[in-house]
Structures are given as structure tokens and as C-alpha cells.
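Multiple structures follow.
Paired with chain B in one complex and with chain C in the other, chain A is shared by the two complexes that follow.
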Partner chain A sequence: MMPELLDVRNLSVRFPVGRKGTGWGQTSYLTAVDDISFTVRKGETLAIVGESGSGKTTAALAIAQLVAGETSGEVVLDGQDIMPAGRDQLRAMRRKVQVIFQDPYSSLNPRKRAEEIVREPLDNLTNKPAREKREIVDRLFQAVGLRPEQKRLFPHQFSGGQRQRIGIARALSTQPEVIICDEPVSALDVAVQAQILNLLRRLQSEFGLTYIFISHDLGVVQHMCDSVAVMYMGKIVEHADRLALFNNPQHPYTAALLSAVPSIDPTLRDHSKRILIPGDPPDPLNLPAGCRFVSRCPVAQLHCRELVPELTGNGTEHLTACHLVDADLVSPMQAVREAE
Partner chain B sequence: MSDETLHIPVEKARSPLAEAWEMFRQNHLAMVGLAILILIVLGAIFGPLIYPTDPYEMVWAPFSPPGQEGFLLGTDYLGRDILSQLLNGARVTLIIGLAAAFVTVAIGITVGALAGFYGGAIEEALMRFTEFFQVLPTLLFSMVIVSLFGASLPMITFAIGVVSWTAVARITRAEFLRIREMDYVMASRASGAPGMRLMFTVILPNSLPPIIVQSALMVGSAILFEAGLSFLGLTDPNIVSWGQIIGSNRQYILEAGYTVTIPGLAIFVTVLAISLVGDGLNDALNPKLRKR
Partner chain C sequence: MEPLLKVENLRIELKTRAGVAPVIDDLSFELGQGESISFVGESGCGKSMTALAIMGLLPEGIGRVASGRILFGGEDLTAASDRRLRDIRGNEISMIFQEPMTSLNPVYTVGEQIAEVLRAHQGLGQRAAWTMAAELLDAVRIPNPGRRIDDYPFQMSGGQRQRVMIAIALACKPKILIADEPTTALDVTVQAQIFDLLRDLRAQTGTSIIMITHDMGAVAEMAERMIVMYAGRKVEEGPVADVIAHARHPYTHGLISCVPHIVANLTEEREELTEVPGIVPGLGEFGQDMCLFSARCPRVTEKCRSARPPEAMLGGSQVSACWHAEEV
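Now for the complex of A and B:
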């Protein structure tokens, strides 16, 4: 088994918010990411899934130090804490951690040529001579499947898929170890999605990349990832390897998410009932005292309202933050399914 | 199929500016405005060389109407040739317009960019400062400056610039606030661009289009402003500008209306041409109107 490359410990991100009714000098905070920890092994892909507002993107961007809020915690990359970065440390960190953005239409500077966009990290983060940079850009264009004569074009002259290829080439240019993919295909057509996902997988094996893959599309996650972390309201509620999570989801929220994935197999479709979770997520400025899912959980007990569940595996690798999950790894949702 | 028969058309690189020019060219009114503007600029540069009559010399009897005795546009109350005054005044008027617009844009972009980029207390302070200038009556304030510090050309330019930069500052700030949140700014930050580089090489070029339009219109309004000040007598009487021609002849507006009308028409046509060009720029640089 490969060693752990990235170790995120107690990562929190909070944003100060001005709200009517708070007095002078009082700031209330919106905690978008609340004390999450996870590890990623070298060459593997960790998916972070969750609904909008769950904090998945904020958590990933906080690792790359791209969020405006107050970030605390440790991010250890290859044995080195990369969080308290000074100017030089920040440069070194940016060389190692790169980002592929969600929307290829807004993530490329419209006034720069494709080659300038791909070269930007090299210009800012390395001191390589111009000729070497040109060679790297040429190689990257080839690696992501763009033609060399397209180097001089401007972003608006490319299609969405091609634009995302430029974004990928840019992320690869400094030979990073970790690439944060922030929903890299959700803005693309389905046919193009598959191409880009296959490209990402090929590049991963070619360059030994480690991905943190943000997504809300469980189909994509199943195709791409080695392990999955499910986030809800800023907390990781379940973290396990792909097969364990998809075959035996423990947390009620994960079970509900997975049951919402449409299936084309009619027997499966009839067999698996969709689990509906009523209501809306709680107000992030006024979170419940106990488990954050309690207001929507179909199996919530009284003590779920008071005690915050810890993310624990009960001795296994399958981590869940739910009071009702025990070491036998039988989901509390099992009872719901059988009752129906 | 072999590789030779596979023909992929090579697309030509077209910069956003080249596309904007394409759009601009298709706008007939804007092209008319541009043509008029070019004529006026050429007249200002070469007119006095082709028509060397001294604009400050008395060359004929005062109040000689246009078209008589070889003086195409007649003479003013001191018998000076109005055509020559017009050609020489064009230089001064255009220079004041451009210089005042430059002052406006320089102050406006600096204030707006700092406010929009840094936000927080800096933004708060700069925008209150901007609002302070916004609520001052502009003509009155510039009159105060000019009458206090003397009606020299640089002072007039400065006075016009100081009272009219607020619009540019607000537009710049608004654009910075919008562009700042774009993914490509975050991408540049992820690529290691330091703050200053982000501000000047990423955000500023992308927020330029509305600023360019505003500055073009600023040239027009600066010319009008200078005319207004001159009409009130707040100008250097030894330097001929269009506004100054109007101002010095204003007592004779009923007896010899052409002495005021002709430079007035020149101002009108110039400002109109600038407005047409500004409008065309607005359409050409606005990506929402650009066809795919």
C-alpha cells in the first residue's frame, strides 16, 4: 500500500458575517468547514461529495489556500505542514498543489492566449528559462490532447471540453503532487465529461498524481475514485473506500444520497427504494447542538439531538459519524428498508 | 484515411480587441463619428500650417460676416479671423479635453482599483472620499479652483479632472468587485500570481471596456466643461480655444451671432462625434451584445 501523501488534520474554515442585530464589535461566524480530518494516499483519488453548501469546495480550496475565510488546522503534505506559509513557502506549496476549476468558461483569462494561460504557473512559480518553459507547454498540449497550432488561440475560440483541457494543462505545468479537481466536469456535456474523466485518469497513472475530487455526481465518483468522503453541513459524515461506501453505506445521509442515484437496471430500480429525506438543511449560522443531520434523519433518536457524533470506524477503516452505527457495520437504515 | 487527407482547418487567433474592432466597424454611426473625429484632429494638427493667418492679429474690420473679403468665417469683434481662431483653438480644446480625461481616468482608476481590490476599511474610506467629491457642485467647484489658482491651461485641466473623476472611480470599483470573484482570478492566484500582479495584469485589463467607454465620453464632457468655464471668462485670454472664442464674443451675441455660433457648432460636432464613438465602443466591447 502506498504511503499517505496528504494528511489533513482538524481543518476548519469560517467566514465572518455581518448580520443585522449584532452589536458593534460583535462578529458572528459562518463555519463552512468544521474540524475535518482525512488522509489521501499517493497516486489515489479521494472524492469529497455532498450537496450544495456542504462545504466540500471550501474544504478543498482551503487546502490550496484559496479561500478568503479564516482557516485553521494542519495540512501535511509529504511530512511537511504547508499551512503556515510565508511567501516562499507559499510558492513551494503552490508548485505542489494545483487546482482544476469547475467552470471552464470562467476559469480562463479571456485576454490571454492558451499558451500564456498554461505557462502562467511556470512564470510565477519557477525560474526556468524561456526555452524550457516553451518545451513544457508543448508537451502539456500534447498530453491533454490539444493541437500545437491551438497554442496561439484565445479562450473564446475553444469549446467547453477544450477549455477544460487547457485548465488541466495549466494545473499540470509545475508537476504538482496533488491536484484538487473542483467539479471538473459538472459544467460539461455528458459525452465530453467522459473524455475529460478518462483524460484525468490517464494523466493520473502517467504522472502519479493524487487527486482530491470534488463532486456531487455519484456516478462520476464511482468511476474515478479510490475512497469517498461524504460531507454534510461542514462535517464529514462518512469516509470509506469506494466499494465499502457504495455497497454498504452506513450513515443515513449517505444511504439516502446513494438511493437517489438513478439506475438503468429495471430489477435494481424496483428493488432499491428511494429514501426520501424531508426538509431542508439547517441554518448554517444556527446549527443544531447534536448531530447536524438530526432534523432530516429518518431514524434519529433522542440522544442524537444532544450529542455530536464522532467520526469513528469502531476499529474498521469505514469511518462514520453516527450514533446508531456500531462495529457490525449494519446501517441503521437497514431497519427502514426492511420495514417498507 | 491517411493523415494527409485529414484536413483540420487552422483557426486564426483572434484577440478580444480584434473582435471588438470588427464589431465597431459594423456600426455605421460610430464609424461616421470616428471619421468626423479624425477630420477634426487632422484639422487641428495641419490646419494652422495650411492656413497660416495669425489668430491673434487684427486682419480686417470687426464684425465682417462670413464669406466676405476672403474671410471664410468672418471676423470677430477685434477684426480677427474666426477660421484661423477655430483651427488654432482646436488644438487647445482637444488637448484640454484629452488631458482632463487623462487626469480623470488616472485618479478614477487608482481610487476605484484600490477600493475594489482591497475592500474592507480601505474601500469604505475611499468610497466616502469619492462621495464627498460627488456631492460638490462640479462647475462651481472648478470655478473656485480656477479663480483661486489662476486660469492657466494646466490649472483648467486639473480643475476639470478633479471634479469629474468620481464616475470613473465608481465604474472601476464596480468592475473590480465583479472581476475579483471570477474563477480565472482565483486560478491566477493558484498559479502563484502575487497581489499586485493580480490587480494590474489580470483584473484591470478585464475591467477596462466600460472604463474605456467612460473615458471616451469624458473627453467630450471635458471639452464642454472648458467651454463653460471660458464662457464665464475663466480662461487664459491669451490662448485661443473654442470656448474662449465664444466667451470673448458673448457681448455681441445679438449683433453678430455667427461669432458665437461657429465655435459653438464646432464644439457641438466634436462632442457629438466623441459620443458616437463612445457609443460604438460600448457596443463593441460589451460581450453580451457580441454575436457568437
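Now for the complex of A and C:
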């Protein structure tokens, strides 16, 4: 088994918000990511999934120091804490952590040529001579499947999929250790998605890349990940490797999320009973006291309203934050079926 | 029995800078009473244009119906007056859009927006319309409708806004509901709620549904029959289960196998996704006498580049427009 490359400990991100009811001079906070910890092994993909507003993007961007809110906790990359970064440290950190963004239309500078966009991280973060940079850009264009003559074109002359390829080449340019893929295919057409997903996997095996893959599309996650963290309202509710999570989800939220995905597989449609979770996620400024999922949980018990469940695995690698699993009373899924 | 909606050889032309392009090229299909069909394809294939044409909402001055007929209960909508169309829209055929955020008016409460439809089409008075609006909110399962009726759209979540849109669309018990990517902007759990709601409402009211989507999973859940569009043409049509089990057009096959579908029993095995190389052609290339998919097709032959394939019936219920349909 590969060693752990990235170790995130007690990461929290909160944003100050103006809000009615607070006194003059007081600030209230929206805690988007609340005390989460996880590890990623070298060469593997960790997927972070959840509904919009669950904090998955904020958590990942906080690792790259790209959020405006107040961040606390430790991010250890290869044994080194990269959080308290000064200017120089930040430059070094940016070389090691790069991001592929969701929208290939707004994440490329429209006034720069493709080669300049790909070269920009090299210009800003390294002191390589011009010739070496040119060679790197040439190699990257080839690696992501763009033709050399396309180097001189501007972003508007590319299709969405090609633009995402430019974004990927840019992220690869400094040979980063971790790449954060923030919904890299959700803005693309279905047929183009497959091209980009295959490319990302090919590059991963070629260069030994480590991905943090954020997506709300569970089909894509199932295809791409090695392990999955499921987030709900700023907390990780379940964290397990790919097979364990998809074949044997423990947390009721994970199970509901999986059962909500429309499927073309008729046996899957017939066998898995859809678990409808009613309503919307709670107001992030006014979270329930106990388990955050309690207002939508089909198997909630009385003590779920009062006690915050810990993320534990009872000695296994399959971590779940649910009282029912914790107390080993009953599998939540069993309980759902019995309730019906 | 005469179908509820019958589209015959519809051709829609759009004026572009490069000239006139047929965004819909010789499209025919039928929709029965209470039936649910789905249009599938990538963006730019003419799915939404078909919907807009049925609604009589083609972009004015740019798009027009060049030939063909849209028969709704025997009446040709392409020849109907604006006044008659306004009467039909919202009353007998209504539509919900992809973005519930932008399709509601931000400066009116949701109650006013639902009541407006009822006043305009059903001639209800102020108070009756308001009471009815509250009932509709309840029908689309918005909790506490009596209070939420005074909410403005920004006070609601994305899923609730889409429910309001559905309430508006169903206010006059239309015969046809057109849903243009109704859940693309929503989370899966909310999408499941909306699909559930649409299915229940359809069972109660007998409304026919035309759903436009690019998600095969959604089609499998919601529709009985599907029509696959590519570059303004129908490339395949058939019962959903049959098409998914055995697609008879390479494009349909590509659309199904290029998406990583969630499976029941996951194993270590992970195959590469099938790629459909390239992208949908631009409007300028529409309408040529050839198979427009030939540039991306793995089975392309000389014949595909020289003549448009006719629609051929296969196995009794599936239609495919491919020269090699028999072999696919």
C-alpha cells in the first residue's frame, strides 16, 4: 500500500457574515467546513461528494489556500505542514498543489494565448530558463491531446472540452504532487466528459498523480475514485474506499444519495428501493444541535438530536459518523427497510 | 386513435450570419394521450428548438417553421394566430425550464405568479385564484403553503423554485407538459423528489410529458419512449428499455456507453469509457445530404458521406437513421 501523501487534520473554514440580530460590532460566522480530517495516499484519487452547499469545494480549495474565509487546522503534505504559509512558502506550496476548475469558459484568461496560459504557472512559480519552459509546454500539449499549432490560439477558438484540456495542461505544468479537480467535467457535454475523464485517468497512471476529485455526479465518482468522503453540511459523514462505500454504504445519507441516482440498469432500479429524504438541507447559520442530518434522516432516534456523532470506524477503515452504526445497534439501511 | 400531438416533417430554419441553417431537419413524431416521451442528445442538437416550436416560441425574426405541420388535437399550430397560441400556451401546453432561478420573476411573490396564470387563462377572480394557488403549492409538496405563498423566489431553494414552476405549469391542467432539462441545475436528492412529483402528477392528471435531457438515467426513470436527436435530425426512436438494451444507431450507443453509470455490484474492474470523438458540428454544417454523425462514427463508410440515411424500422418498434443499422 502506498504511503499517505496528504494528511488533513481538523480543517475548518468559516466565513464572517452580516446578520440580523447580532449586536453592533459583532460578527457571526458561517462554518462551511467544520473540523474535518482525512488522508490521501500517493497516486490515488480521493473523491469528495455531497450536495451543493455541503462544503466539498470549500474544503478542497482550503487545502490550496484559495478561500477567502478564516481557515484553521493542519494540511500536511509529504510530512510538511503547508498551512502557515508566508509569501515564499506559498509559492512553494502552489508548485505542489494545483487546481483544475469547473468552468473552462471562465477559468482561462480570454486575452492570453493557449501557450501563455499553460506557461503562466512556470513563469510565476519557477525560475526555469525560457527554453526549458518551452519544452515543457510542448510536452504538455502533446500529453493532453492538443496539436502543436493550437498553441497560438486564444481560448475562444477552442471548444469546451479542448479548453478543459488547456486547464489540465496548466495544472500539470509545475509537476504538482496533488491536483484538486473541482467538478472538472460537469460543465461539459456527456460525450466530451468521457474524453476528459479518460484523459485524467491516463495522466494519473502516466505521471503518478494524486487527485482530490470533487463531484456531485456519483456515476463519475464511482468510475474515478479510489476512496470517497461524503460530506453533509460541512462534516464528513462517511469515508471509505471505493468498493466498501458503493457496495455497502453505512450512513443513511450516503445510502439515500446513492439510491437517488437515476439508473439505466433495470435490475438496480428494481432491487434498490429508493430512499427519499424529504426537504432541503438545514440553514447553515442555524444548524441542528446533534447530528446535522437529523431533520431528513429516515431512521433518526431521539438521541440523534442531542449528540453529535463522531466519525469512527470501530477499528476498520470504513469510517462513519452515525449513532446507529456507532452503537452497533442496527445497520441504518436495515432500519430503513424495516421501517417501510 | 388520433394521437394528441403529431409533428409531421417539421423543418425549422434559423438565420445565422453565414446564411440560413435548418436546426430541425425533417422531424416527425407522435405523442399519445398520457404518454411520456424523452428527447435525448448533446447540446446544439435541436432538442430545445423542437420544444420552442411546439410552444410557438421560436426566437422572433431569427427562427421560423419552414415546412411541416405540428398538429395538436387536429389543429395545425404552425398556422395558428398569435392570439390562439397565447390561448394554448400555459392552458393546454405548458413548459418548465432548466433554470428555476431565472425563469421566475424576482420582484413578484410566488403566489402572485401562480395566481396570474389562473386569472389570465381560467378567468378566476383575485381571491379564487389565490386560494387555488395555495392548493397548487400544496399539490407540489411545498411545506406550509399558506405562508410560503407570500415568499419571493429568492427566499426559496432551487428545488422549491422548480416546484413553483411546476405548479405554474400545471395550474390549468394542461394536456402536455414540456420539461426542458428540469433537474439539471438540481442536486440528485432533489432531482429524485422532482421526478417523483412529476410521476405522481402525471398519474393523477393524465398529462402527457415531453422531457428534454441528456441524462440516460433520467430517461430510463421517466419516459416510455425516447427520441435521440443529432444535429437537428432524429437518429433513433423507440421504447426506452429496448433502446437502452440494444441501441440501433452508433450515436445512441455512444451516448449510453460514454457515461459511467452507477452499477449494482461494483468490482475492482474499471474499463476505459468509450469515447465519442469530436464534437457536435456547427449550425453551418447542418442540412447536408449525408450522415452528419459520420465524422465521429466508428462505422463510417463511403456511403455515409454521400447520402443522408433514411429512417428504417427495425424489430417492429425501433427506428434508426443509419446505413448500418442492421449491423449495430
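One rule holds for everything that comes next: the second predicted complex is superposed on the first by the 332 of 340 C-alpha atoms of A that agree within 3 Å, B and C clash if a C-alpha of one lies under 4 Å from a C-alpha of the other, contacts with A are read in each partner's own complex, and residues count from 1 in each chain.
The definition used in the following text is that a contact is a pair of C-beta atoms (placed from the backbone, for glycine too) under 8 Å apart; a residue touches a chain by one contact, two chains touch by 3 or more.
Worth saying up front: this structure is predicted, and the values here are computed from it rather than measured.
**Q** Looking at the superposed three-chain arrangement on chain A, would you call chain B and chain C a clash or a fit?
**A** fit
**Q** In the overlaid three-chain picture, which partner chain does A:Arg274 touch, first (chain B) or second (chain C), both, or neither?
**A** second
**Q** One more residue to check, A:His216. First (chain B), second (chain C), both or neither?
**A** Touch partner of A:His216: chain C, not chain B.
**Q** So in the superposed three-chain picture, is A:Lys56 touching just chain B, just chain C, both, or none of them (first/second/both/neither)?
**A** So A:Lys56 meets neither chain B nor chain C here.
**Q** A:Arg14 in the overlay: touching chain B, chain C, both, or neither? Say first, second, both or neither.
**A** neither
**Q** After the superposition on A, what does A:Arg147 contact: first (chain B), second (chain C), both or neither?
**A** First partner only, chain B.
**Q** Of the partners chain B and chain C, which touch A:Phe101 in the superposed model: first, second, both, neither?
**A** Once the two structures are laid over each other on A, A:Phe101 reaches chain B alone.
**Q** Mind telling me which of the two, chain B or chain C, contacts the most residues of chain A?
**A** If we count touched residues of chain A for both partners, the winner is C.
**Q** Quick one: smallest Cα-Cα gap between chain B and chain C in the superposed arrangement, Å?
**A** It comes out at 8 Å between the closest C-alpha atoms.
**Q** Would you mind writing out the residues of chain A in touch with chain B in their complex?
**A** Touching chain B from chain A are residues 61, 64, 66, 90-91, 94-95, 98-99, 101-103, 106-111, 113, 120-121, 124-125, 147, 149-150, 152-154, 156-157, 167, 170.
**Q** Given the complex with chain A, which residues does chain C contribute to the contact?
**A** 42-43, 143, 157-160, 187-193, 195-196, 214-222, 241, 244, 254-256, 258-268, 270, 272-277, 279-280
**Q** Quick one: in the complex, what on chain B touches chain A?
**A** Contact set of chain B toward chain A: 8, 10-11, 13-16, 182-184, 186-194, 197, 202, 205-206.
**Q** For chain A, which residues count as touching chain C in their complex?
**A** 51-52, 159, 161, 189-195, 197-198, 201, 216, 218-220, 222-224, 242-243, 246-247, 256-269, 271-272, 274, 276-280
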